[in-house]
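We call the chains A, B, C, D, E and F, going by the order they appear; numbering starts again at 1 in every chain.
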């Protein structure tokens, strides 16, 4: 284990998170946290984005592939839309996202595939409107 | 839709499947099918390997990333071990598989991560013994 | 494997799908597809409705029982509503759908049962309004 | 097995359910049942609230912990919000619910944690508005 | 709600359970229960087999279709094998079980389908050996 | 976020983990790690046991209730057995574990309940043999 502090993981994570999800979104998200949700938001920033996404040896594009496949299978619509947007920022094209969700349809079942395509379309539309 | 026949999808799929899973394994698997399981085996070959894995625009290494992440989340031990072996054949290193399963631990939960690491170790051992 | 082409599976599937889901719905759905979703829609038509639903030896009423039970357990609200409507067209009565979802409550848990009843009621209402 | 009747389980369950979810909510819910949903509602009252929640040897606060953890993992938003409200009535504080959902984030994955926090906040808001 | 007692539900359930799973299996299962597992076994008998499976208006063959589809999706190998055996006793043929699990492969994903076929084959073999 | 380092979280986690799972088990587990699994083991110790289980405001007995309910629903047999053993060390009685798994049967479905009871019995037997 490193001697990195939670605080420095958080700072590192915040920078990655802003690059991937956009500074605007992240700042709005932080401003919206209250006493009840703050620890969850801090952990997500420090552990997901600081400890995991910052690890060397696996590029961001590949990490986005992992998340799209996994979150589609886990059936979590809000997070899936978020990570569709992140995937585009990390260099995946719409055509590649299409290939991922066709594979979801085959291995996680057609309803999982259809739901993922619908949510991706919503995410694309939201990005165009931003 | 293409005018490709089921039969030609099957033939194409069989070739890909042998490249990825090894000719020995695939031939043994086909020989082991009976009247009850034959259609499932044929569909898996024609649709997974023929229709999906043979599509252009997304390389095999990326498809292996999708499957490891997705099948870990779907909690299917037999298929996960199979696709760990396939992933090595498709060019993922053990270090990269480690990164994928650390990400599984964060997004699908620690028990999913721990199970995936244990199954991957079993798969590695089986490959060494082959 | 048959020598049937993807194209003929698609045509066969399209006919079955229109019988089960209604020609209006299916035509609207096809018109709504874009480049991103087209392959998913074609696969769903060719493989679900053409290759699977058209198989002899298992009647459509029985296939609807399978789908209601399975999609309730898989927790996919959009697809569940669609297949509640399809089930009525395939000859299941509301009383039989009730029996299926009571069984879902016992084997997949009370929250799965309650969600399924609520979604079925929404589907019934949408059909009445059509 | 006891010689208790379904009817008396229902009566016992109705009393517990009103204590935990509030008499108003329960009466509205019963009034809203129709022929299609009535058995599900009766079973839920008799078996969940009458047979299970009325068992001695495990207090209601502990049963609420079980349900929050389990329903978060099962990914059932409607029931989760209902049981967040029930948990507060059964003596869990918001700080304790926060601890439960941080644990959900670690063991069921970050998206499950984030979804649970968001739903809990919605439930709190609905209670404040009542 | 009926005025039926838990005890009479249990007796009714025991009779159905013996018809479907075989008297030998059920008696061995009851003899194997201890203080820790007894209530679970009694509830399963009274509520699954007494309250649910004994309801009129949905035949046993249809209930077996529901359970095979649902338990395959729920990923519960022990229960799936048990209900494959029950399904044969309730009049489903091996060819029909094959159709159900092909449908599982399409809607719940190929790994769910393959696992279900393997478990069904194990169940068939165990029945032949009995 | 605290200025605690990963290393100190690991040390704190290691102490808690040994108290809950037994020093023997934990040392054997650490000795069994290799280059492939080491980071997963370290993260589990630092983040599960150091960051989560060490938080004030929620006692270990309550955290064990959360984990039994959640891991039963997540369908992870290895981890469930481990946490059944931990639960006994954290002060839950067998009778209370029975209540938790009856509740699992009602809310996550009878197969989840039956599987959990069987796994708990195996865990009890392993503890008696230790």
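Keep in mind that, in the parts below, contacts are C-beta pairs under 8 Å (C-beta built on N, C-alpha and C of every residue); 3 or more make two chains touch, one makes a residue touch a chain.
No experiment lies behind these values; they were computed from the predicted model shown.
Path length between chain B and chain D in the chain contact graph, taken as the least number of steps between touching chains: 1.
Annotation: the A-C interface is duplicated by E-F among the options D-E, E-F or B-D, judged by over half of the residue-numbered contact pairs being identical. C-beta contact counts were set side by side for C-F and B-E; B-E has more.
Residues touching across the chain D-chain F interface largely coincide between the two copies, over half of the numbers being common to both.
With respect to chain C, maximal separation of chain centres occurs for F (centres as means of Cα atoms).
Remark: chain A and chain E have CA centroids separated by 40 Å (rounded to whole angstrom). Measuring from the averaged C-alpha position of chain B to that of chain C gives a distance of 28 Å.
If you average the CA atoms of chain A and of chain B, the two centres end up 24 Å from each other. With centres taken as mean Cα positions, chain D sits 31 Å from chain A.
Looking at chain E, residues 43, 47-48, 71, 74-75, 102, 106-112 sit in touch with two or more other chains.
Here chain E touches chain C in the complex through residues 47-48, 52, 55, 57-58, 62-63, 65-74, 95-96, 99-100, 102-104, 106-108, going by the rule given at the top.
Taken in their complex, chain F has these residues touching chain A: 1-7, 9-10, 42-43, 46-47, 51.
Every residue of chain D that touches chain C in the complex is listed here, in rising order: 34, 36-37, 39-40, 43-44, 47-48, 71, 74-76, 78-79. Residue ranges of chain A in contact with chain C, taken from their complex: 75, 94, 98, 101-102, 105, 109-115, 117-118, 120-121, 124. Against chain B, the residues of chain D that register as touching in their complex are 106-112.
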